[in-house]
Structure formats: structure tokens, C-alpha cells
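Take a look at the structure set out below.
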Amino acid sequence: MPAQPIVVVNPNSNPEVTADLERGVAPLRFSGGPTIVCETLEGAPFAIETQTDVEAVTRPLAQRIAKGDAAAWIIACYSDPGLAVCRELAEVPVFGIGESGVLAALQRGDHVGVVALSRRAIPRHRRQQRMLGVERRIAGERALELTVAELVDETATWRRLKDVGHKLREEDGADVVVLGCAGMARYRRRLARELGLAVIDPAQAAVVTALGAVALAEAEV
Amino acid sequence: MPAQPIVVVNPNSNPEVTADLERGVAPLRFSGGPTIVCETLEGAPFAIETQTDVEAVTRPLAQRIAKGDAAAWIIACYSDPGLAVCRELAEVPVFGIGESGVLAALQRGDHVGVVALSRRAIPRHRRQQRMLGVERRIAGERALELTVAELVDETATWRRLKDVGHKLREEDGADVVVLGCAGMARYRRRLARELGLAVIDPAQAAVVTALGAVALAEAEV
Amino acid sequence: MPAQPIVVVNPNSNPEVTADLERGVAPLRFSGGPTIVCETLEGAPFAIETQTDVEAVTRPLAQRIAKGDAAAWIIACYSDPGLAVCRELAEVPVFGIGESGVLAALQRGDHVGVVALSRRAIPRHRRQQRMLGVERRIAGERALELTVAELVDETATWRRLKDVGHKLREEDGADVVVLGCAGMARYRRRLARELGLAVIDPAQAAVVTALGAVALAEAEV
Amino acid sequence: MPAQPIVVVNPNSNPEVTADLERGVAPLRFSGGPTIVCETLEGAPFAIETQTDVEAVTRPLAQRIAKGDAAAWIIACYSDPGLAVCRELAEVPVFGIGESGVLAALQRGDHVGVVALSRRAIPRHRRQQRMLGVERRIAGERALELTVAELVDETATWRRLKDVGHKLREEDGADVVVLGCAGMARYRRRLARELGLAVIDPAQAAVVTALGAVALAEAEV
Amino acid sequence: MPAQPIVVVNPNSNPEVTADLERGVAPLRFSGGPTIVCETLEGAPFAIETQTDVEAVTRPLAQRIAKGDAAAWIIACYSDPGLAVCRELAEVPVFGIGESGVLAALQRGDHVGVVALSRRAIPRHRRQQRMLGVERRIAGERALELTVAELVDETATWRRLKDVGHKLREEDGADVVVLGCAGMARYRRRLARELGLAVIDPAQAAVVTALGAVALAEAEV
Amino acid sequence: MPAQPIVVVNPNSNPEVTADLERGVAPLRFSGGPTIVCETLEGAPFAIETQTDVEAVTRPLAQRIAKGDAAAWIIACYSDPGLAVCRELAEVPVFGIGESGVLAALQRGDHVGVVALSRRAIPRHRRQQRMLGVERRIAGERALELTVAELVDETATWRRLKDVGHKLREEDGADVVVLGCAGMARYRRRLARELGLAVIDPAQAAVVTALGAVALAEAEV
């Protein structure tokens, strides 16, 4: 295994999200496997809600990656800020959790439902899905539309998540669900049980992909 | 980690292919991670070249999976024989290396070149790509068209692989390459170096995806 | 006309379905035209509901076709089980009623509504539509979800069919409807009158295509 | 069978084309089946090469159909002139040979090669393929680019046809070929033998579809 | 600037529509810029509702353009009647307001909602969107379904327009709206304010495109 | 007309490009129309070749737009850097020349050929075309691959441009060409004459679209 870790960069400054990333990657830390480090990007906004927020973190992400030392990088925001530039700059693979999340879902169901944090993210995600070329596999996307107060309230969040999940399944015909944001891994399994469907946490999906890329980078096969 | 292994089923009876699968998954065996077992499907044809071969292994695969005990299954043939039925039967995730290989490639380049063993596989792969919904990301597919004699001759195989790889890159504009068959992991890194592009071994890609699914299956996050 | 008939194989063992196929093809038997024979596949399951059922009939279908003597073959199940392998094996054309049904509908309306027997067939049909490359022409698919008791009750079936047909037309915007299963030809015309739209029985559509292929197979033009 | 015939309208005034249509439909005339009549549209241009030619025949076609008496109509020009308006006006089904030809081809191969008479028809056909929603199944289209003198010379036509057919197969990867114009049925079988692929004459394909529609129009099933 | 004007042809004989076109283009008449002339096509039907109406104006449009003298032509009907033939005949650019309207909308939002006059236009517009290749960007299309009496009643029209606009935004997720017919420019701004979205009048969009084409036609850059 | 101008921002610091933009927009300055101002973005790189360059100008563009006063903004780089964020920030319309160029081309031909400055821009443009949803209308993209020395040499540039233009037309089947970069308006008309096809300068296309948006912004119709 390489000396360098897989570095998961939370490009917002909300420590709750980094903590959730930590919880989410814990089951993917294998002794003998690549090290996984989660970090918060310095100077990032508290949340990435707008395109302005996306762009605000693009260059800091690029700078982090340019000066950093990692076996692979993960950009832990569902909008994949800076993915193209980081790929250009890094000599190692870079993964965006939006891309990884959707592509993982395609292997667990036929019609993907996406849970967005807020409605205004949906056109951005739609552009991403078309860019990725998989828009025909998307059953629909629905927003939690939680206030900040509700988002820290696990009960309120879960209530909305359950409601949105059921609508994606019953009304939109989704047979697999992606959590369209970082920081919700702790609801993944609960929602999967509630819906009887596979639920993908995108940051976990990206870490899995990175694990493979890193383990194979130096292998002769 | 679960007691059961990830089982990689080679659905042909060519021991060379199972041996190559073993070599390919070796770097993905982490001491603290899921166990990975490669096996040859009993009674399978020597190679899966035709649709008849595909169908000949579908029910044996389904039977293997129905009676087996695994944390996840991998069908190690690029045509993904029996993938839908095995997914229906298994209570654990099932991955096809064709699906996993192409989806992994989408995260390493924009335009995917596919290396087929023989020309007659190409329409079958094209159907698969459309079914998967990603056909617009495929730059082209080219066949090695090796005789059986050449296929066991590593020098002859490498010569053709190099030639096909360069055509995919220079003429078709591929910026990532998928080996469109099981059993060629040993050429992966060499071809990547030769072309200066990421090269995906599809069986490795599927094992990576399975690793994640298995590690997360019992996790509360 | 060739000595051999067009053989319509009902790949389930429900004699009601074969009887309906007989009724459905009757208007396509022209005195100077190809002979049409309907038969039940030996050892088939009573209904093809799951992917397991699909695969259970694939090899028997291939064997039937390999040893048979026909001018053209029709696989009379909307999921087109074994279509690719039968095409590979037969020296004469093979048609699947799913493919034929949808392609016929494209010539009778712009937006195709599909009536499925059960909800679990829908993802399978969606894969088929993408594989065929026509998914953008599908307005929607809705399931009858009849119990076995209701299915033999013509009044109950008709009630559901009417309801689903109206929903496809009014809510999904379908302007042509395909009966997404074999064995419902007897409702075709009634539903067409009810909705004021063309309704396609897929087995009839396939027999028509086969008629042409057979009549032209030996023609010098 | 209905008293009215299937009427195949050649919307150009070249009697050679009508004669070829006659030859082409001959094998589809079954003693107990629908009558098939081929006719030349009065006042039509000698050939339909330009969009101006297409439009010149649209209203005459609509008038012909409005005042005519047929069980089904076929517009025997690959550009499907007037198809939408004739469908609106007729109380019986109307088929365009362009649509029918391509859809028939989708059931005989995976990647369709189209033979155009002249290069300027190709963008028109591409619009038609997109409108039909099947453009991803087209391998390529190539033009014969014959002079009028060559077109009446069967040897010269055959030479070009063979050349274009081989290019569609070898360079574009077509595994089924459509003759993208009316009036070439006499080359269909010869080209199929030459290429070892199914070759579709679009007027025959449309007549076959019409045969079915007519035979089923009055059937209770 | 060229001596010839941009000619906007209203291909129906409703003087209200020509008057609305005049009102709509007024803000696009720049001193120093191309002259813009609106005219009514002689002998056109009162409204273009059916495909028969579309075809009825195609050849008159072609004749108008063939004998006319313009720097650019605009066909001011959302169904783009005669667009292909007029492009073939004219030596100057020809624009259809349907094409121009949708393409303009793609630059003002991500998901386009279309307001149709009547339900029967919707399949025609869907064919046009597929032909144009942009159908994935369409959120939905809804019809005003106004009676002739209501259409001349501005209050009644506005009431329906508002209702349809809100449904496109709230139920279909449109974030930009196109008025899918000529003659409604006078509602454009009001609807934009009501919905808080950009609203495109397609005739204005086409005139803008023509302005550019004309101004650049003689420029050396 | 509004007091504020249309502001065309050249997001690189090459004065040659700004000068070419000035030349290109000159024919679009109407005495009674909106004012058009071309400016160079402060602190921009000399050329935008890499994704790093794209991102380097995104935030400066956003800042320029946030503090500026314009009736509409144009981002004059074919890669549309910062388009989404500028649209979010500006209260007036923002256009990217890549989007505008391709959409204008769709109205002048069926199959679009794109001239890129360098090969490394092509995957970036392909992502843009998919995001825009028009990738099926692209015939191909080819790069000039000029050295810096050649790019300032008009004869050398023209030689390559001619060569690439002919290949797009003859080999890729393009019937309209877009100059896939800012700063080449001076070759537009020459190339159009050489190829006998419409050639689109994307900055001109965007200014035209902006002209319309600005003129209509305050109009009641």
C-alpha cells in the first residue's frame, strides 16, 4: 500500500459534515488497506448551496490538491466542485462524490431517485447528470427543503427524508436512492430499511472507488 | 466484516482465466477487509464467445448463486451473463464486470475505448452499453481478433493489444480504455504505461465495487 | 411460399395464452400465405413473471429452435426471452414480440403507453426499451396488477385494462397503446374503441413482421 | 378481408419506380390477403431529390388520400413526404416507407447502414431518424451518387451499390442495410447475398406493416 | 446594412397575429439596423392548428420566398411550416420561430416549459423537439385549450396562460417558458413577472437571430 | 434602450483577442441599439487553454459581474468559464459564447463541425455539449494545434483553418462550422466562402442573443 492516504476533502467548513464523513468512511478502513483521512477545507463557506459557493471552493480545492500529497483525492460535495481542474492538476486519481454516487447507484437499481438538500440544487444536478451522460437513468430528484434549524434536528431531518424517499419510490418509480449531499451517511441504512431499496451515500461510493484505484496504482496487474 | 467472502465466479472453464482473476484481485485483498474467493463455474464452456455461450452459463450461474453463501457475487465475464437473474435471486449484491468496468472508466476519462476479444462480441457489448444508458460516452470498440494459438502467446497478445489500444486512442479519441474481457489483468498496467491513459480491468473494477457494498452492508452508516 | 411454417412459440405452459395466440393470429392466416403454427414450449413455467422465469425458458427456446424447422420463429413473451441466442442459432429470422410490439406502435402514434401485467416487469421492460434505443418514445408504462383469480375473470381484467388505458392516455399522454404481454389479443379491439387510439397486440405485430420476412426470403426482389 | 386495397402511392412520375414497386410487392400478394395496388401520383416530379420535390408532392398526396378509398395507404418515397398530414386526414393507417424501412431493419441487425441515392438526401434522413428517435441505431449513411445515365444502367448501379454496401459493412460497422429509396427492390436480394447481411427494401417493409394493420382492422382480436 | 429587410411572414390570415408580430418586433427595430417588415401570407388559413394547415401554407411560403427579396426570412408559426424547403430555396438565411424560440430558451433556463395553444399541437411539437435534438431539455408542454371566443378575450386568455404557466413551473419544474405560438408577445412580459421566470416569445427570438445573421452577412469579420 | 451597455468580457489578457472581439462586434453596433463594450478581464491569464485557466478566471468574472453595471454580460471564451455562477449573480442575462455559438449553428446547418484551438480543449467541449444536451448534432471537432508563433502568423493560421474546415466538411460531414474560440472573427467570412458553409463566430452569436435580450428587457411586449 502507498505511504500516502486517500484524502477526503470536505469543501465546506461545517464540522458536522466532516464528522459525518468520518463516520461514513470508518467501515472502509481496512487494516492492510489504504489510509483514509478526512479533512475540512480551510476558508470554505459553511455550506455549498449556490453556484457561488461551488466556485468559492474550486480554487482552494485546486490549491489543496496541488500542494498536497495523497494517493487519491475525494471532493466531498455532491456538486463535484472543481472536479475537472483537480483532475488536471493531480497526478493521482480524483473522484467527485456526485459522479461516484450516481454511478454506484446504477449498479444497485434501474431508476435512480436523488435526494437534494434544497430545490435550487436540482438544476445544477441535472446539468451534472447530462454531463455524465446518464440522465435517462434518473427517476427524479426531490428536495428536503429543510431550514437550518431542522437540519440539525435529527428527528425533523429523518421525517423529511422518509417522506421524500417514499415519494421517489412511489411517485417517481425509483428503485435505488442516492443521498444527494455529503454528511447524511448516518441516515443511509435507516432509509434503506424504510424503503426496502439500496441507498447510496455518495462519499462512501467515492471512497470505495478510490480504494480500488489506490490499491491498483502500484500493482503490476 | 462478514463471515462470507466476495465470490468471483469465472463462468468459463478456462483455468488461465481463473488464474488471471486471482492475480488481478490479489492487490484488493486487505487483511482486515472482506475475503475474496475466485472460482470456476462447473460445467461451463471453455470460453464465452457467442450468445449461446452466454446463455449456457446463465442458469448454472443462477444455481450457483441460489445455493451459495457469499457477501457479494461477481460474474466475471464482460458480457454480464445472468446478471439480471442473479440479482433477482441473491439477497446480497451481484455485480457484472461489464457494467462495473464501463462505469469505473467513466470516472477516469471522458471517452471510453473498449478492447473486445473478438468482433462478434461488439454488437452484444453495444446492446449492453445502451441498456446501461451510457452509449454516448463510448469512443469506440475494437477487437483483438486473436487466434487461440496467439491468445496463449503473451508476446502476440501484447502486440495486438498495443495496436488496438493505440487505434482507440489516436483514431477513436479514447482517453480511457477498458479491457472488454476477463483474464487480461496482467496486461492492464503495461497498456496504461504504453498509452499514457488509465486502463480498467473490469473484474478488478467489480471487486472494488463489491468491497464497498460488503463493507457497508452491515454498517449503521 | 416455403414449406415450413412461421412458428409462434408460447414460452409458458398456460394453455389459455396459446389459445389467445391462436385467436390473435387467425386473421393473419391467408390462404396463399405462410402457414402459422402456435405451440406451447414444453416444460415451461405457467407464467413468465420474473427474470428467473425468463431464463428458465431461454435454453429450451434455443433448443426448440435449433432442432426445429420453421421459416421464421416468434418468441411470444413480451420480455423477449432468448431473443439474442435464438437469432444467433437460427438460420431464419427470429422475432420477439416485445421488440415487434413497440416498433409497430411507433408507426401508429407518437408517444407509446405500455400495459404491463405486473409492476415487477416494468424495470425489465425499461431495460429492453433502452436496449432497443427507443426509450424516448415511451410515454409511460402501467401495470394491471391483477391477481390470478382476476386474470381469468374477463370482466375484472377488462375493468383494470380500461382503467390503466385511460391513465396512460390522460395522465401519461400516450397516443398509442401496446399490450405488454402475450395472451390479451382478445381485448385489443375493445380497448382501441374505448380509448379511441390504436392498440397493438405484440404477438400479432411479430407475426406480421414474420409474414413479410418469410414471403420475401425466397423472392428475387 | 376488406373490399378496399392497400394503395402504394409512388409520389414521383418515374414509371420505372412504379414498376419496381410492383415487382417488390408481388411476393406479398396472398390469394386470401388484402389486395395491393401500386399507382403513380399524378402531376408528381420525375424524382424526389430536393426538399422542394418533397413539398411538391405533399398536398397532392394529401388530396389523393382524402378522396381515395383504401384500407391503408403507403407513401412510397424514403423521405416520407406528407406522412403527418396524410395520417391526420386518413381514417385508415398510413405508412411511410422511410419509417417502416428503418424500423424493420432494427429487427434484423443492431447497427443500420443506409444507402442514399444522393448525398443531399442525407441531412434530410438524419432529421427523420432523430424525429423517429432511433438515430443511435444508425451505423452510417452513404450515397450512391449516380448520374441519371448510370441509374438506368443496372450494371453501373449494381457496381456502386456493392461498393457502398461493403463500406457500410466494413467501415461503418453496419450489420443490416436499408435501401434508402424506392425503386431498388430488384437489388435487395442480390445485395443481401453479396454482403451476407439482411437488406431491407423499405417499400416492402411498409407493405408488410400495412398487411397486418388491414388484416387486423376488422378483426375482433 | 443591406437594402432588403428582414421579412417576418405570418403564415395565417389572422390580422390579430400580424398585429401582435408588429408589436413584438417594434423593440427590435434599431435606427441603423436592419429593416423589419411583417406581412400576412396571402391565401393562408385563419389559424394553423392541424397538420393540414401546416401543409397548406408550406408551398405558398416557398413561393413567397422564391419570388421575394429579403435579407432574411422568418416563418412566424411555432410549427415551423416549410422551414426545410424555404432554407433550400432561399439564398439568405431562413428562421423558424419554433426552432429559434426553443434554442433561445436554452440560454435562459435549464428546463423549458412550452405553452401550446391546443393539445393537438403537442405531438407535432414533440416531433420538432426530437428533430432539433433538444428533447431532453423540455420540462413539459401544456395547452391553453381556449375556445375561439376566449382567445379574443384578453382576460380569459391571461387567466389560462397564468394557470398553465404556474403548472409548468410548479408541476413540471420548468425554469424558463416559451410561448408556443405566434401572436402572444403582448403577454410575454406579464407572464415573466407573474412567474419570476424568463418567458420567450418565439417570433422575437427569431427576429433577433435574423438581425445578427443579416448584420454579419456582408461584414468581413 | 437601456443606459447600460452589453459588456463583452474577454477573460484572457491577450489584447489581440480583445481587438478581434471589437472587430467582430462592430457590425452589431446599431446607432439606435444597445451600446456594446469589449473589455479585458484584469489579471487574467494570457490564454485559456487548460481547466486551470478556466477556473483562474471564474471568480474574477463573477466579481466583475457582481460589481458591474451592464444590461447583459457576455463571457467571451468558448469554454464558458463561470457561466453558471455569473448567471446566479447577475440580475441581467449572461451569455457564454460556447453555448451561443453552438445554438446559433443549429439554425444554420444540421451537423455542426467545431474548430478547437488545441486538442486538449476537445474533452472539455464535449462535456459542454452533453451538458447543453445537443451532442447528437455535433459532426466532429478538430484542433488547429498551432504553436504560439503560428497563431500570430495569419497565413499559417489560415492554412490550418482551411485544412481543418475541409476535414470537418468532407470527413466528418459537417454542414455548418463553429469557430471554437474567441478571437477568430476575422477568419469567419473567409472560411465560409472557402467551404461554402455558414461559419459561426461564437462571440458574435452571443452578442446577437444579448442584443435581443436587452432590447426586450424593458419592452412591454
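Letters A, B, C, D, E and F mark the chains as written, and numbering starts fresh at 1 in each.
Here, contacts are C-beta pairs under 8 Å (C-beta built on N, C-alpha and C of every residue); 3 or more make two chains touch, one makes a residue touch a chain.
Computed from a predicted structure; not experimentally measured.
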item: Remotest chain, chain C as reference, centres from CA atoms; value: F
item: Between chain E and chain C, distance of the C-alpha-averaged centres to the nearest whole Å; value: 42
item: Distance from chain D to chain A - Cα centre to Cα centre, in angstrom; value: 51
item: For chain B, residues that touch 2 or more chains besides their own; value: 127, 130, 132-133, 136
item: Chains that touch, pairwise; value: A-B, A-C, A-E, A-F, B-C, B-D, B-F, C-D, C-E, D-E, D-F, E-F
item: Residues of chain B that touch chain C when the two form their complex; value: 50-52, 54-56, 58-59, 62, 82, 84-85, 87-89, 124, 127, 130-133
item: In the complex with chain D, residue positions of chain F that touch it; value: 109-111, 136, 173, 175
item: Contacting residues of chain A [partner chain E, same complex]; value: 122-123, 126-127, 130, 135
item: Parts of chain B lying in touch with chain A, wherever the complex brings them together; value: 20, 23-24, 26-28, 30-33, 93, 95, 99-100, 103-104, 106-108, 132-134, 136-137, 185-186, 188-189, 198, 201, 204-205, 207-209, 211-213, 215-216, 218-221
